[in-house]
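Same chain, two partners: subunit A is paired with subunit B first, then with subunit C.
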Partner chain A sequence: MTSARIRLGLVAVGLLYLIALLAPALAPYDPAAQLDLVGGRLLPPSLGHPLGTDPLSRDLLSRLLFGARLSLSIAALAVAVAVTVGTAVGLAAGLAGGVIDGILMRSVDAALAIPRVFLLIVILALWEQGGITALVLVLGLTGWFGTSRLVRAEVLSLRRRDFVLAAQALGLPSWRIALRHVLPNAVAPIVVSATLGVGNTILIEAALSFLGIGVRPPQPSWGNMIADGQAFLATAPWQAMVPGVAVVVTVMAFSVLGDALRDRIDPRTR
Partner chain B sequence: MAGFLARRLGAAALVAFGVATLTFLLIHLSPGSPLAGSGENPYVSAEAIEQMRRNFALDRPIHIQYVRYIANLVRGDWGMSFTMHRPVINALRDALPNTLLLAGAALIVDFLFGIALGTLQGMRPGTRLDRVGSAVTLTLYSVPTFWLGLMLVLVFGQELGWLPVSGVVDPVLYPTRTVVGKLLDRGVHLILPALTLGLIGAAATARYQRAAMLEVVRQDFIRTARAKGLAEGAVARHALRNAILPTITLLGLALPTLLSGAVLVETVFAWPGMGRLAFEALQRRDYPVVTGAATLVALAVVAGNLVADVLTRIADPRTREPT
Partner chain C sequence: MKPLLSVRDLTTVFSLPGGLVARPVDGVSLDLFPGETLALVGESGSGKTTLALSLLRLIPEPPGRIDPASRVELDGTDVMRLDSTALRRVRGGGMAMIFQEPGSSLNPVMTVGSQIAETVRVHARLDRGAARRRTRDLLADVGLSDPDRRLDQYPHELSGGMQQRVMIAMALAGDPRVLIADEPTTALDVTIQLQILDLLTDLKRRLGLAVLLITHDLGVAARVADRVAVMYAGRIVESAPSTSLFDHPRHPYTEALLEAIPRVDRTGDRLPAIPGQPPPGFPTRRYSRLQTAIPWRRRASLKARVWPMS
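Then we have the complex of A and B:
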C-alpha cells in the first residue's frame, strides 16, 4: 500500500518535472508573444489554442507550461537552500548544546512566530526587487526554521547512542562525527520534510506572484496568471481556473509522495 | 498554576523580544540608508542631512539605536507612517480588530470541521468514509488560499449571487440599517472570507486529528468500551477526550499559517485588516507600517501560543505538577 503510493507520487512528480523540462518543445507558442491584441484576446479553448488565450492574447497553454518550469525550479532550489541551512543549524545546535543551542533555538522560535507571508513582505519591502535569484534565496532563507528544529531533535536522540559515543572516544573531530555518523542517520525525516516543503513553497511562490511581488510579469508563473485572470472572472472564468488547478495538482503530487515516505518511516500513522 | 503561568509568560516575553530584535536586524541589514534619497537631492544641504541624522538618532552607535528601538516599541511609539500622515500604531489599531474577527471566525470553521471530520475518520480507519475524507483533505490542503477565495467568489458571488464578495459591510445600505440589520450585514460579509481561510485550515486540522485518533482507538480502554456494548457515539466521546490534546497544541501552531493566509484572503475580499494594510504599505514603500504590522502580528502569535499552552494544561491533568 505504502510502496504503491510512493511509486504514484514519484511518477507524478517525475512527470511534472519532465513537462517543465520539455516546456520549450511542448509549448505551441512563445509564452510572451502577444499574438493578436485586436481580435485574439481572451479566446475560449479551441484547436489552435487548447486552453484559449489570455487578456494580452498570449497562448494560455504555453504560459502554463513555462509557468511549470519556473514554479518547479524555484521551489526545488529554494528548498535546497532551506534544507542545507536548516540541517547545518540543527546539527550545530544539537551537537553544541548549551548556550549556542539556546541562542539558536530561541532565534528560531522568534522567527517562527512571524507569519511567513508577513516576514516575506517585510523582506521584499526592505530589499529592492532582485529577480528570480533573489526570490529563490528569500524563499530558502525564510524556509529553514522547521527543518532546523527537526534535525536538532534527531541529533539529540542520536548523540547518546553508542556508535556516536564510540566515535567520540576514538577522538574523531566533531565535524566528522556530525557529517559522517549523525547526519546519515537523520536523512530520512529530512527527505520527508523537504518533499512536503517543495509543495508548500510552490503554494507560497504562487501567493507572492499573485500579489505581484514574486515572479513578475512578463515572466509567466501560475500565481501571476491567476492574478491576470482575476479581473475576468465573470466573462472568462477559465483564465483563473486553469492555473489554479495546475497548482493544486502539483502540490498534491508532492503531498502524496511526502505522506507516503513518512508512513514508510513511521508506520504508526498508517 | 501561578508558577507555570509566570514561567510561560517569561518565555513568551523572551520570544516577543526576539521578534523585535529580528525586525530591527532586518531593517538595519537592508541596503541603503534612510536618508539616501535626500543625499542625492541637490536642494538638500549637507547641514540639513546632518540635522536629520541627529534628529532620528542615526548618528548614534548601533547598540544605542537598538535600545531606543526596543524602548519605543514598549512605550507604544511605533513611528510615523510615511504616506498616511498618522502614527503607525493608530493605523494598526484600526486594522487589528478586522483581522482578529476574520481569524477568529476562520478558526471556528477550521476546528469545527477539522475535528469533526478527523474524529469520524479516525473512529473507522480504512473505511470508505475515511478514504473519501482523506482525499478531500489532501485536495484542500493543496489549494492556494487566494484561489479558493476566487472560486468561492465565482460560485457564491457571481453565479448564485447569494453573498457579498468584498468589504466588511455594505458601503451604501449599512448606515440606514437597524442594530440587528447591521449585525446581519457584518455577518454575511464575513461568511466567504472566513470560509476560505477556515476550510484550508480545516484540512490540516482533520489530518492531525485523524492521526491523533488512530493513536487512541487502538488502546485497550477503547476496546473495553466497545466490548461492553457502548454506543459508538459514547466510544467516540471517550476517544475524543484523549485525542483532542495534540489538536489543542495545534491551535497555537495554526495561528501563523492562519495569519499568513489572512494577507491573501484580505486582498481577495477587500477586507481592511492587517494583511491588506501591510501589503498596501509595501506597494507604497511605507516601511514603518510594514515592519510594525509584522511585529504586531508576531506578538499575536506569541499570545496565541501562550493561550494554547494554558488550554493544554487545563485539558490534560498529566501536565500539571502534583499538588
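Then we have the complex of A and C:
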C-alpha cells in the first residue's frame, strides 16, 4: 500500500519535472508571443491551440508548460535553500545544546510567530527589482524554521545513541561525528519535510504571483495565469481553471509522495 | 612491574535535581598491568559503567563531573589533565572501549568497512587504500569469516556475535594499549559469549593489551580474568587474583555474590539473593559518607530512608 503510493507520487512528480524540462520542445508557441491581438483573444480550445488563448492572445498551453518550468524550479531551489539552512541550524542547535541551542531555537520561535505570507509580501513588495532570484531566496530563507526544529529534535535523540558514544570513545573528532554519524541518520525526516515543502512552496509561489509580486508578467507562472483569467470566469472559465488544476495536481503529487514517504519511514504512523 | 593504567581516587559526581549529589564512582583506585585482564564485577547500579566512561572522560557534563583530585594515568600521562586534542588521541589510540549492545554501537547507515576505516584514518595517516587493507586485516584478526565481503556489508546484515567482532575490530583500529570492554557478552547467546571471551583473551596475548572487563557475570570473570575487583556502591570492596577471590572471598559482599550464583549441584533450594538494590545517589547532602557505607546486609531496610524525596 505504502510502496504503491510512493510509486504513484514518484511517477507523478517525475512526469511533472519531465514536462517542465521539455517545455521548450513541447510548447507549440512562444509563451510570451501575442499572436493576434485583434481576432485571437480568449479563443476556446481548438486544434491549433489545444487549451485556447489568453486575454492577450498568447497560447495557453505554451504558457502552462513554461509556467510549470518556472514554478517547479522556483519551488525546488527555494526548498534546497530552506533545507540547507534548516539542517545546519538544527544540527548546530542540537549538538551544541545549552546557550547556543537556546538562542537559535528562541529565534526560530520568534520567526515562526510572524505569518509567513505577510513576511513574504512585505519583503517582495519592497524588493521589486529582485526578480526570480529574490523570490527563490526569500521563499527559501523564510521556509527553514520548521526543518531546523525537526532536525534538532532528531539530533537530540541521535546524540544519545550508543554509536555516537562509541564514536566518541574511539576518538573521532566532533565535526566528523556530526556530519558522518548524526546527520546521515537524520536524512529520512529531512527528505519527507523537503518533499512536503516543495508542494507547499508551489502553492505559496502561486499565491504571490497571483497577487502580482511573485513571478511578474510577461513571464508565465500558474499564479499570474490564474490572476489573468479570473476576470473571465463567467465567459471563459478555462482561463483560470487550467492553471488552477495544474497547481492542484502538482501539490497533490508532492503531498502523496511526502505522506507516503513519511508512513514508510516513521514507524509511529504505521 | 609498572602498571599501564593507574587510577587513583577517581570520583565521579552527578548533580541531581533538588540539590542532591550522587557519587556513582567514589574514590576508586586500581592498577592495570600490560597483558592482564582485570574483571570489574558488581551488580547493576554499582557504578561499573560510570567508572569506565569516567576513565575516558565520556561522562556528560553537566550533570556529571569528575572530581579534580582524581588521577587516571595511562603510561605516565594523566588523562584527566589532557586538552581536547590530546584526549581524542587517547580515546581509541591509548584506551579503546567496546559496549554491551553491538547492534546499537554501530552506525546503521555506514558499512562496516567504512566505519572501521574511519577510525583507522583518524589515528594513523593512511590513504584510503591502505586504510581499507588495514581494515580488512583487522576483520581477519577478530576472526570474522570472509572479511573481504564483510567490508561492504551493513551492521544489520550481521549476527550479534559478528557485530561484536566488528566492534572489537573498530576498537583495535587505533592500536590501543588498554581495551575497556563493558559487558561485551551480555547481549549475546551463551555459545557466542564463549567465542567472544576467547577472542578477547587471544587478542590480549597477541597484542599485549591490558583488558578491563566489566561484567556482572562471575562466570565470565572466572573464565578470563587474571584479577577480579568487586565493586559495590561506587567503591571497590575487594580486589584479588581470580583464583583466590573465588576460593576465599574476604569481603562479605563478595561472598554473597558468589552464593547467589545458580549451581547445577544444588537444585531445589531458593537462591540466596541479596535483598534490595544498592542505595542510590550516595552520599547525599543529608546522608553522610559514613551512613552510605552501610553493610550490604542491612541495605534493604535502609533503602527507604536513604532516598529523601525532594
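One rule holds for everything that comes next: the second predicted complex is superposed on the first by the 263 of 270 C-alpha atoms of A that agree within 3 Å, B and C clash if a C-alpha of one lies under 4 Å from a C-alpha of the other, contacts with A are read in each partner's own complex, and residues count from 1 in each chain.
Quick note on the criterion: contacts are C-beta pairs under 8 Å (C-beta built on N, C-alpha and C of every residue); 3 or more make two chains touch, one makes a residue touch a chain.
Computed from a prediction, not measured in an experiment: that's the story for all the values here.
Superposition of the two complexes onto subunit A shows subunit B and subunit C fitting side by side, with no clash.
Within the superposed three-chain arrangement, the count of touched residues of subunit A is higher for B, of the candidates subunit B and subunit C. Once the two complexes are overlaid on the shared chain, A:R180 sits against subunit C while remaining clear of subunit B. Once the two complexes are overlaid on the shared chain, A:A167 sits against subunit C while remaining clear of subunit B.
In the superposed model, A:M252 makes contact with subunit B only, not with subunit C.
Contacts of A:L126 after superposition: subunit B is touched, whereas subunit C is not reached.
Once chain A of one complex is fitted onto chain A of the other, the partner contacts of A:F118 are limited to subunit B, with no touch recorded for subunit C. Contacts of A:F210 after superposition: subunit B is touched, whereas subunit C is not reached.
After superposing the two complexes on chain A, the closest approach between C-alpha atoms of subunit B and subunit C comes to 15 Å. Under the contact criterion defined above, no residue of subunit A touches both subunit B in one complex and subunit C in the other.
Put simply, subunit A touches subunit B in their complex at residues 106-107, 109-119, 121-128, 199, 203, 206-207, 210-211, 213, 223, 226, 230, 233-234, 237, 240-241, 244, 247-249, 251-252, 255-256, 259, 268-269.
Residue ranges on subunit C touching subunit A, taken from their complex, read 56, 58, 88-93, 96-99, 101, 104-110, 118-119, 122-123, 167, 170-171, 173-174.
Contact residues of subunit B toward subunit A in the complex are 14-19, 21-23, 26-27, 30-32, 138-139, 141-147, 150-151, 153-154, 158, 211, 214-215, 255-261, 263-264, 267, 275, 278-279, 281-282, 285, 287, 290-291, 293-294, 297-298, 301-302, 305.
Those residues of subunit A that touch subunit C in the shared complex are 161-163, 165-173, 176, 180-181, 184-185, 187.
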